[in-house]
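Chains here go by letter, A, B, C and D, matching the order in which they are written, and residues are numbered from 1 within each.
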C-alpha cells in the first residue's frame, strides 16, 4: 500500500521523462541529427567528468529552490508562480546587506527576509480580496522586474563596471565546493532547504496545517486551522525559498557575484522551478532529484551543443514535453497494462 | 481502451507540433568532411544569433575568417547568463581551439575567470573590458562616435525639413546603451550648430528617448516609435535588438498612411547594415563592425601576432560608421544562396540590384549637403578635432543630457578622457 | 396474460471501481401507470439501482427492458429518450440559472446557434404547471428559491421531457409535512395522467400512503415486491431490516447536572445573508442529550456552525461552562472542551487524502502530547494515539498509515467520533452522526453518545432522523425556520405532534 | 505635447494592442465557463504566431496564415482538452508544459524554417493590411473581427442553446449530465474554441500587428489575457473592455515615459509597472463581485 503510493508517482515521472526524451529523439532525427550521438554527448557532458557533475549540480541549485516555492504552495492548494519576481528581490537584498556587513549569513538572511516580504502582497490579496494568486503573482513578477531593474541601474550600479551592480564582498561569498567550477555551498544550502521543507511539511504542526488546508479547506477550518493563516504562511515559506535562490545565485556563482544589468543572470529561474516541482511531484525530496535531472539537461545541453551541434532549444522542447506528459494521468497504469499483455 | 487511444492521440499531437517546426524547414544539408587547419569557437550571449546585431555580426566575421584561414567554426549559444562560464570552460578545457571568442560584455567576468584558469588558451571578447590579461584580447567599439554621425544625420534631416524633434528607442536601460544615446545627442547638437552656421537660422531640436524595458518584445518598440512619431519625431534611431523591428514597422506603417514610399520620417538601424530590412524606411544604420573585430582577433591568433589587452575600434579604424551600400552588399553576400533569395523575396524585390537601387533611392531623399555634413563630422572626429563623449554610467549620461551644446559635450569628453 | 411491464430490470449487478458491491443481481419490474415504492435502508442499493435505470451508471451485469425490448443506456440522455427521468436526492440544478433555463437545458429546441425561444418554452411550461395545479417562478435564479420549489422545478424538468417513468429519490427528505402532502397530490395527478412513478424512500408511512406496490431491497439484494394494499408497516419494516425493529437503545434515567452550554438570543446569518437562526435560547446540561429535530435547512447547520466557531454570530451569546465563547475560534473551543462531529463527513470531518493517523489528530494536533521541540509533530505518539482509537472503537482500517479514503463510510464516521471523544470534551456537538452509516456502526455510535451522557458530558444532537432524536434525547427541540417550535421530552409527545411541529405548527394542547 | 494627438494615439494603440488579449480572454472565458482552466495561452500565442507565419508564407495569403495559426491553437486546445476533459488530468500542469514547449519549438523552428536565427520578418505581401492607415498606426480589420467575435461569442454564450449548455457544464456538470448533455463534449469543444481564438490572436501578432516573428514574441500576453478574463468576471464583452483598458494603459505608459517632462520626475521603470499595477488594483477592487463558474478547473467524472 505504502510502497505503491511512493512508487507510482516516481514511475509516472520516469514515464513522462521517457516520453520527453523519445519525442526529443524523433525531433532530432527529423532535423538531421543523430539522437544517440546527441544524448550521448548530453550524458557525457553532464555526468562524464567531475566538472560535468559540478556543472550539473550547480545548475540544479537555483531551480531546486524555486521549485520549493511552487511545491510548498501547491501543497497548500495555492499556485504561486511568483518565484521569478521573488528571486530578484532575494538577490537585491543579499547585495545590499553583504555590502553593509560582509558576512554570508547576513546575505542569506536578507534574501530570505526580503523574499518572504515580497510574497506577502500576493498572499494578502488572495486572503482578503480573493484575488487569484496566478493573476497577482504574474503581475507582481512584472512589477518586481521593473522595480529591481531600477535599483540595479541606479542606486546599486557598480561604479567600476556599470554593467552590473556592486559585488558581493569576498568575505561574504559562498565558498566553492570544487575549484574551477561553479559548484558552491549554494548547492548544499539548496539541499538543506529541500530537506527542511520536507521536515516542515511532514514533521511540524505548521506543515500539517498547510497540507490539511491544501487538501481540504473546509476540513481545515473545522479542525481549528485558520486557512488564511495557512495561505499566508505558505506564501512566506515559498517566498523565503526563492529569496534564498536569488541570494545564493549572486553569492555563490562565479564569476560575477552581482546582478547583471537587465537581470540577465537571475532571469528565468522562477519559471524553470515550476517544471522541476511538477516533475518532482511537488515533493521536496522528489524535487532534489528532478532538480538534478533538469541540471543534467542544462549542463548536458552545453556539451550536446559543442559536441553534437544540437541547438540549445532542443532541451527546452524536451522539458516542455516532459511537463505535458506529467499532466497526463494514469500514464503509469497504462504502461503497466500494456506490459501485462 | 478509450484512455489508451487518447494517450496515443496526445503523444501524436505533441510529436506533430514539435516535429512540424523541425521539418518544415526541409533537410539539413549533409556537411562534407573537409580537413581543417584548426578550430575556432565563438560563444554568443543570450541574445543569440538573429539579433541582427552584434551576435550576427560576430558570426559574419568568424565565418569569413574561418573560410579564409580554413578553420572549423564552432558556434555555441547561451541560454542563460549562468551558461557563459561553463560554455567557455568546456571549450577551453578541450584545448582544441586556436581562439575562443566571447561575444558580449556580459561575458566579461566569465572571460576573466577562464583566462586565469587556462593561461595558454587565447581568448577574445567583444565589448568586454579586460585590460590586463595577456591571453585576452578585448575588442571595444566607439559606438559613441558612430552614433554621433547618426545624430548629425538625424538632426540635419529634421532641420532641413523644418522639424524640431528626433527620437531614439532603446532596450532595457543598461549602461552600454548610454554610449549610443550620448553619441546621438552629441551629433544632434552638432547638427543644430552646423545648420545655424549654414542657414543662419536657430534650430532647437528636441530628442525624445524611450527605454522600452525589453530587448525582445517588438510591440514595445512599435508603440514607442508611434509615441515618438506622435510627438513629432522626424528620425528615430533604434538601439533595441528585436524591439527595434517594431520601430521599423511603425515608421513603415506611418509612411504607408501618408501614401509615401520613402521617408522622412526615417528610421536608423544599428550594429549591422539593417537598411535592407525595410528599404525606403531606413535611411542608414550605425555600423558596429564586430565582424571586423572578430576577424582581426582570429587573424592575429592564426598569424601569431595575438596580444592581450584592449583593441578599441573607432571611426578612424573603420570599427564604426554609417552604413554604405557596400556594407549592405557584403551583408547580403554573407548569406547562403537560398536564404538570400528567400530574403529578397520577403522584402518584395526581384533581385539584389533592385534592392540596392531602392536603398540608393532612399538615400537620395536626403539632400547631398546633409550627407556631406555627416562626412565632414566624420573627418573631424577621425582627425581628433572633435571629440565625442563616451558615457559609461548614469551620472555621465545625465551630464550629457543636461549639456547645452556640442561644445559643452566635448568638454565633458575631454574631462572624462583625462581621468 | 400478464401485461408487459413498462420497466423490467434483470440480474442487475453493480460493482464500483473501488470494489464495493452495491447490487448483487437484482430483478425489478414496474407496471405502467403505478406508483412503485422502492424501499430500503441507507446503503441498500436503491439509488444505485435507479441511477442505472436512468443511465447515470452502467451496470456491471444485467439487462434492462423497456416495454419489453432490451435497452442499453450509455448516458442519462438515452434513458430520457426512452421516457425515463430521475429526480435526484441532491438536486441537479444549475444554481445561477433561473427555473426556465434549468428546465429547457438540453432540449432548447431549434439549432444550437439559434436564439433560445423563451416564449414558447414558457407557454409549454405554463400549461404543464396548470395541469399539475402548482406554480413556480420561472425567472428567478434557482439558488434563491426554497427547496420545495426547487424540487418542483426538478419534476417539471422531467415532465417537460415527456417522461413516462418518473423516478424520485427520497423526495420527502427535505420537505415539511405540508409540502409532502402537496407533493403527493402532484404525484397522484401524474398517475391519473398515466405516468409511472418510482418512489425511493425509507419512510414506511409515506410508502404505505402513496404507493401501489413496493419493492424492498436490502444490502444490494432483492427481498421482494408486494402490493401495498396487502402490506403492513410491520411487514415492510421486517423486509427492510431483516429482523423486527428493535432499535431502542438502553438509556438509564439520569438527573442532569449543571448547564454546560447556554445559548442566549442567538442570531446567525446563512450563506445568502438571510437570517438563518432567529433569536434562539436554550441550554444543554451535563449528563443530558439535547436533541434538535426538524427538517433540514431550517437553520440547524448555521446554529451548529455558530456554536462550534465556524460561523459568525450576529447577535446574542453562547456560554460554555460559564465562559462567553461567542467570538472564539474553533481552536479555542476545542481547547475549552467542545467536540464537534460535523454533518459533512467527507468535506469536513476528515481529510480523505491524509492517513488515518493524521486524521486522528485533526483539531487536536497542537496538544502537548503530539508536539515536540521546534513545533515538530511527535509521530510516534500520534501513531500510538491512532492505534488506540482504532482499537477502542473497533474501526476497520488497513492500517493507521493508509489514507482515510480507504475506510468505509461507517468506519470513517467512527473514526471521527473516536477522534472527537479523544478531545476529552465537556460538550459534544453531534450533527447527523449516523447519516449514511451502516446499521452496526449506527448502533455503536448511538450507544456511544448515551455512554458519554452517562459520563456526565453534555451532548447536543442534531439529526434529521426523527427516530434518532426521539430515542436518544433527554429533551428535544423542533426547529423550524430558525426558531424552536417547542422544546419537549420525547416520551411526552406523539409522533403526530412532532410532525406538525416540524411543519411549523405548534400543538395547541 | 498635443493632448488630442495623445488621445488619438492611445486609442488606436489600445485597439491594436487589445486584439490578442481580447481574443485570448474571450476564448478563456468560454473555456472556463465550461469549467476548463488553461494557463497555456502564452505558449499557444507564441506557437500560433510562428506557425501562422509559416502557413501564410507557404500559401501566400495572410488569411490562410491566420487560419493556420488558429488551427495550431486548435490542436493545442485539443491536447489540453484531451488531458483535462477526457483523462481528468490536472488543469494547470499541461499549460505550463505548453508554455515551456513553445519557447523551445519556436526558437528551434525559426532557423529551421527561414535560415536566420532569432527573428524573421514577415513579408508585407502576406501581412494583413490595415483598413485605414493613420499616422498613429493602422487600423487592422482584425480589430473589427475581434469585436465581432466578442459580441458573437457573448451572444452564443448567453442567448443560445449551445451557450446554455456550455455554461451548465461549468456551473453544474452533474445537472448537465443528467439531462443528457455530454459534459465531456461541450467542455472539450469550449477548450478547443478558447485555444483556437488564442491561436488567432497569436497569428495576429506575427501577421498583422508586428509583422515579425521572434523567439519571445508573445511577451507575457497570454498571462495578461488570463488576468483580463478574471477582471471581466467571465464575460466576453467585459473582457473586450478590459483588454482595451490594458492596451490603453500599456500605450499610455510608453507615451508617458517618452515624455521629456515625465522623464525628469519618475524613472521609466516605475511608469512601466503602471499597466500591471492598474490590473491588480482593478482585479482586487472588482473581484469581490465576480465569481468563477462553480466547477471551474474541476474534472467531472460520473460515478
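What we mean here is this: a contact is a pair of C-beta atoms (placed from the backbone, for glycine too) under 8 Å apart; a residue touches a chain by one contact, two chains touch by 3 or more.
Predicted model only: the values in this text are computed from it and were never measured.
Taken together, chain A and chain D share the touching chains B, C. Of all the chains, the one whose CA centre sits at the greatest distance from that of chain C is B. If each chain is reduced to the centroid of its CA atoms, chain C and chain D end up 45 Å from each other. Rounded to a whole number, the gap between the C-alpha centres of chain A and chain C is 47 angstrom. For the pair chain B and chain D, the distance between mean C-alpha positions equals 33 Å.
With centres set at the average Cα position, the gap from chain B to chain C is 74 Å.
In chain B, the residues that touch at least two other chains are 3, 7, 10, 14, 18, 22-23, 25, 173, 213.
Among the residues of chain C, none is found touching two or more other chains. In chain D, 79, 83, 87, 101, 105, 108, 111-112, 269, 272 are the positions where the chain touches two or more neighbouring chains simultaneously. According to the touch criterion at the top of this document, the contacting chain pairs are A-B, A-C, A-D, B-D, C-D.
Considering their complex, residues 39, 43, 79, 83, 87-90, 92-94, 96-105, 107-108, 111-112, 220, 223-224, 226-227, 230, 267, 269-270, 272-273, 276-277, 279-280, 283-285, 287-288 of chain D touch chain A. Those residues of chain D whose C-beta lies close enough to touch chain C in the complex are 156, 159-162, 164-165, 167-168, 171-172, 174-182, 294, 302-303.
Contact residues of chain A toward chain C in the complex are 1-2, 199, 203-206, 208-209, 211-212, 215-216, 218-226.
Residues of chain A that touch chain B in their complex: 19, 23, 26-27, 30-32, 45, 51, 55, 58-59, 146, 149, 153-154, 157, 159, 161-164, 180, 182, 249, 253-256, 260-262, 264-265, 267-268, 298-299, 301-303, 305-306, 311-312, 315-317, 321, 324-325, 328, 330-331, 334, 337-338. Residues of chain D touching chain B in their complex: 1, 5-6, 8-9, 13, 17, 47, 50-51, 54, 72, 75-76, 78-79, 82-83, 86-87, 101, 105-106, 108-119, 121-125, 130, 133-138, 205, 209-212, 214-217, 219, 250-251, 254-255, 257-260, 263, 268-269, 272.
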